[in-house]
Amino acid sequence: MKSTRTVQKILSNYEGETPGVKANLNRMLMTGKLGGTGKMIILPVDQGFEHGPARSFAPNAPAYDPHYHYKLAIEAGMNAYAAPLGMLEAGADTFAGQIPTILKVNSANSLMPSEQPKTQAITASVDDALRIGAGCIGFTIYPGSSAGLGMFEEIAEMRREAAAKGVATVIWSYPRGEMLDKDGETAIDIAAYAAQIAALLGAHIIKIKLSTDHLSLPEAKKVYESEGIDIASQAARVRHCVDSAFAGRRIMVFSGGAKKGADSVYDDARAIRDGGGNGSIIGRNSFQRSREDALDMLGKLVDIYKGRD
Amino acid sequence: MKSTRTVQKILSNYEGETPGVKANLNRMLMTGKLGGTGKMIILPVDQGFEHGPARSFAPNAPAYDPHYHYKLAIEAGMNAYAAPLGMLEAGADTFAGQIPTILKVNSANSLMPSEQPKTQAITASVDDALRIGAGCIGFTIYPGSSAGLGMFEEIAEMRREAAAKGVATVIWSYPRGEMLDKDGETAIDIAAYAAQIAALLGAHIIKIKLSTDHLSLPEAKKVYESEGIDIASQAARVRHCVDSAFAGRRIMVFSGGAKKGADSVYDDARAIRDGGGNGSIIGRNSFQRSREDALDMLGKLVDIYKGRD
Amino acid sequence: MKSTRTVQKILSNYEGETPGVKANLNRMLMTGKLGGTGKMIILPVDQGFEHGPARSFAPNAPAYDPHYHYKLAIEAGMNAYAAPLGMLEAGADTFAGQIPTILKVNSANSLMPSEQPKTQAITASVDDALRIGAGCIGFTIYPGSSAGLGMFEEIAEMRREAAAKGVATVIWSYPRGEMLDKDGETAIDIAAYAAQIAALLGAHIIKIKLSTDHLSLPEAKKVYESEGIDIASQAARVRHCVDSAFAGRRIMVFSGGAKKGADSVYDDARAIRDGGGNGSIIGRNSFQRSREDALDMLGKLVDIYKGRD
Amino acid sequence: MKSTRTVQKILSNYEGETPGVKANLNRMLMTGKLGGTGKMIILPVDQGFEHGPARSFAPNAPAYDPHYHYKLAIEAGMNAYAAPLGMLEAGADTFAGQIPTILKVNSANSLMPSEQPKTQAITASVDDALRIGAGCIGFTIYPGSSAGLGMFEEIAEMRREAAAKGVATVIWSYPRGEMLDKDGETAIDIAAYAAQIAALLGAHIIKIKLSTDHLSLPEAKKVYESEGIDIASQAARVRHCVDSAFAGRRIMVFSGGAKKGADSVYDDARAIRDGGGNGSIIGRNSFQRSREDALDMLGKLVDIYKGRD
Amino acid sequence: MKSTRTVQKILSNYEGETPGVKANLNRMLMTGKLGGTGKMIILPVDQGFEHGPARSFAPNAPAYDPHYHYKLAIEAGMNAYAAPLGMLEAGADTFAGQIPTILKVNSANSLMPSEQPKTQAITASVDDALRIGAGCIGFTIYPGSSAGLGMFEEIAEMRREAAAKGVATVIWSYPRGEMLDKDGETAIDIAAYAAQIAALLGAHIIKIKLSTDHLSLPEAKKVYESEGIDIASQAARVRHCVDSAFAGRRIMVFSGGAKKGADSVYDDARAIRDGGGNGSIIGRNSFQRSREDALDMLGKLVDIYKGRD
């Protein structure tokens, strides 16, 4: 797939990387309605694992069927579709080659005893990705958890195998655990740190949450204040996170969180765009709406990322 | 073994799967008195491990002998016979090729200290299955246990190896552990969640328990109520569980639990049938009855699944 | 070594097993004074590990020397000699081929802190057995310990390797741990359960302790009483344990415990014989007596198992 | 690269080592403004992992960009540049072969719960080093931590693989953990012990912190006093540490710690030089200054190590 | 190296062992001033790891240099020199082939938190031994520690690999841990038990400490008293330990402990000799004296073991 200059520029940041990885990044960046712009929207459907089937799919019952999501992602012109193994396999033949897929290789769930260290189970492998034609693996880390170092070691190893086999890596870097209170999980200093860790671990695409202007770590707070780092607006915070991932040398997308009003979703996207982020991962806000509403919303998001809104 | 259209339709849901796995699923679906109907009854005998020999076999003493179960399953026209390694091996030559077998590869027991995290020991391997001619492995997971993530990782790995070697996977998805009280273990929201997790882990056949109309997780309860999910009857709950496993794209069978009156067993089967489930796994209710009573009961269950009752 | 009919009958129960394993079982069953009868007496010397050298060997000082035990087992016409690696190696050249040997591959000791979960260290491998000409490995499991599941996984894996290499497996199934009080360790329901677990794990020879008529698990107690299982005499309890190991399809031997009066040893043997057990594993009661006394006692045991006493 | 006599003398201490390792040590010792003198200055940039991006790079914003550090190290004539995987990869093509690189293969972070045993995550491998052209791996151990033995085992294994593949090993030996209070972490007896452990583990280059004249372990304190070991000056303490690493047979460099006044940095370097140390690893004190100030400071340090100041 | 009869007799006890192991044992037994006598003195230098450099080497400063110990061992006519990896490597070229070396493959240190289970880190491998020309590995076990079983498994595995590659194994069997109080660590019943365990684990050379006449385990105390085992003199205790290691079929050497008066060292050696032990491992008592004093003392020890004193 011939790249645009914008995309070529992005790919050139992945120094020392295998051509296979670059080809898969290129495929995602050149696919869909945002193809060639350097912007991305990804449909992720791992909520069945995280929250259970009813909470995830009952609001829009056709979404119980794995085929629904493939079709939605294709029709909406997304760059890629991300899901756990069973979910991707259930349409792997029917939709083979129709859209880049990201195999989510670890997962948590809402049935885990709450006193346990926060972590996830590895439920798929790099070879699973190759087998079902997924060009990318997705892995969640929890910086702040007592199980965090173990998760870093797991993804470091999987990423090494993946890259050697030409598969790209997305890291969901989600601060969580004994070290952090609820405010800390979305504090801007923590978000920037999460981005940096993902970059250092070798993520090709970094997925973090949008953050607040809260500062959680006292030692960090001092520096933000003394150096006057701009964290006043969401766009400024996005920019700081992008800087924190090798000064923009890594693709960074932001997750949308729980279902909310459409305007709020659009505002988020504008902040991501204005702060220099590469795009959105948008799950519940798309598949928990009716198919028509979801297509409308995703179309509008495309417009925003194209700078038309 | 030439498939019926019904069976071909079921097999077509297993996208991206190896022909070996499909062949083994086909073999089970085409075997026995329900062969070709898309319905299944499986005889499982792992109670010797779970509850000890006397509690399992003393009520019908011939059942101490492993050959008894092979014969019962064959004569009753079951689709498959499932048991731990030692049990299957003890008849592996005599009954070679007479009935599809499922090697139960992990097991718990009643001698485990109760304070321990709920888990099972892996007591057999995929290569053991191949060696003794079993076309399928069976694995229990305990969503809700602090050892649950470890079990997910174990079966994810075994399932990968099994599928690559043409062996199908049945997951016994049994919610249990620190996270759940006694009512929670059989609550419908938990049962549906257990089905979803098994599907996401790549189970080819999902085995869960029949559930009550209790709702255990507060976040889930809200959704069941706001979305008006029908959980009033056992058939409705079966249907919701079937939906929760990829909208019916996975074979789902239900276990019968402790020995009880025959009518109750028949009612369960009618609910499974009417809710769109694929069948029953029925152990103690068959082998703890005399051989004649068991054959009668199993014959009647066949009739129910054929819609004749 | 040409088998008797009795032995051929026993071997025929090991369905699906490698010819190598059957050959090694045959060798043990055809060796010594009980050769061909289907009965066995085995000399085990792992007490140096379990209780230390002085407690084990000071009562009969020549027994400090590993050669002593080889000679005793050979002269007394035992079916096999079992010991840990160092012990077997110390006579491996001198007595090569003179008697079947069983390599005890895990061991506990009396220096372990008592609060630790009950388990053993794996101190030898299947390849060690092959290297020193041992046709059999011996492994202890502790059903009832919080470390029990781990031990089941260890022996499941070693047994698989052993059988593939033609080496037979003896499981010492010794209930012990947090789950059990002192009475529970020798209760008949627990003993039968231990036998069943060993059989399910694929043991070729099962070694358990003689039991009392105590019933430890409430759920089991109910069944023993309602089904009227005969546990009144030692012979009846032996028979129930034999039934519990696949209705007699597995060789079962019983251990003798601490040194005691000769008459008591003989009574045990008669009960084992009358209950359908295959024989005795008799350590301290032989090597802690003088060589002459031991030979007398073992000769008498042979007579008992031959039905002459 | 032809060596000076001084460098050849140093290399001759690495007895029994592979020519590949010696070649990589030679490359570092012959590179930059100190090339051939046997002295070294290394630029390390792992603070993004340890302290987060803002605390590390906001004081000098161009340092967010990984290319900045490559350029600084090259322009300042450093012997090598050390960083975690993502950081090195981000310039691996652009600067290939321009300066020896050290891949830091394990990392800690400031988001780890403080009650956890002190340890680090392994985030890169020896093969990663080979792939990106790094001739050396860097590994931190924490003597004094309850996780310390595990870290020793990790580096022992990685060092073995590295040396076999011609890659040299730097050990950051940083006492930390339950065993040590704040004063203990920089006590001279602990520093010398840390140097000895690194040497025994097979480090080719040992990196420790400068120490105080505090004595932490009572048993050691007695010996320092009875034997009259000179620990009065920083230079004397450096010499004692050098002695403690095989009497000077191993390259030893010292880390600079948090950003501080330039004069203090120079005094440290003079003490290292006068005590017989091989040089400095200097991170925050260089990249948290403006590029001009950093180049000035590093130039001055070169002069000090050349004995011109 | 042609053996004496005495040495051939010792080697003949290693039944079932590889010729490579026997060749390495022969090399040690035929080397140095005691060559051919069946007696041994070994110089061990792992105190730098165990106690730190100052406590180990400051009393005799030249001992900071690894070459010092090679030279001392060679000049004093020792049978072998034992040390951790870094220490041996530092003279591996210079002294290649000059003296048999024993690679100490695990090590503890004085910086480990005291509440931790007592164990050591594995810091070198069998292949390291082969690479640097060491014919023997040395491994410490701590019977009595909650980590003891793990250590037994480690050495069982390393010993297997070592023997297969022709490398002999020395086990330092040092009772320590939660199970034992200070008196228990040197009690004669514990020492004999430690010797037995090392023998059962397959040690070719067993290293234990000299013991007191204390009896630690109540069950053992009973037997020592009822059987009248002679433990009155050090020589009698040595003999009991030698008996406890397969009735003298294994080489047994005794460690000297902390530095003490020369007469005391000589008395120990006489007791070892008279009790039938094979010799001494003597570290601090040699290298913490001046070179001249050490050579005098070691010369005198040789005389004692030759029966001339």
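Should a chain be cited, it is by its letter among A, B, C, D and E, assigned in written order, with residues numbered from 1 in that chain.
In this section, contacts are C-beta pairs under 8 Å (C-beta built on N, C-alpha and C of every residue); 3 or more make two chains touch, one makes a residue touch a chain.
What you see is a predicted model, and the numbers here were worked out from it, not measured in a lab.
**Q** Would you mind checking the shortest number of contact hops between chain C and chain E?
**A** Counted as steps through touching chains, the separation is 1.
**Q** Hop distance check: chain B to chain E, minimum number of steps through touching chains?
**A** Graph distance in the chain contact network comes out at 2.
**Q** For the homomeric pair chain A and chain D, should the interface be classed as same or different, according to whether the shared residue numbers exceed half of all numbers used?
**A** Result for this pair: different.
**Q** State, to the nearest whole Å, the distance from the C-alpha centre of chain B to the C-alpha centre of chain C.
**A** 36
**Q** How many angstrom lie between the CA centroids of chain C and chain D, rounded to a whole number?
**A** Using C-alpha averages as centres, the distance is 58 Å.
**Q** Hunt down the residues of chain C that sit against at least two other chains at once, touch-wise.
**A** Within chain C, no residue touches at least two other chains.
**Q** Enumerate the ring members one after another: first chain D, then chain E, then the rest in ring order.
**A** D, E, C, B, A
**Q** Considering the complex alone, what residue numbers of chain E touch chain D?
**A** 48-49, 51-55, 58-59, 61, 64-66, 84-94, 107-116, 119-125, 127-128, 131-132
**Q** Would you tell me which residues of chain A are touching chain D in their complex?
**A** 13, 15-17, 143-146, 148-150, 152-153, 156-157, 160, 175, 177-180, 189-190, 192-193, 195-197, 199-203, 217, 219-220, 223-224, 227, 229, 240, 243-244, 246-247, 249
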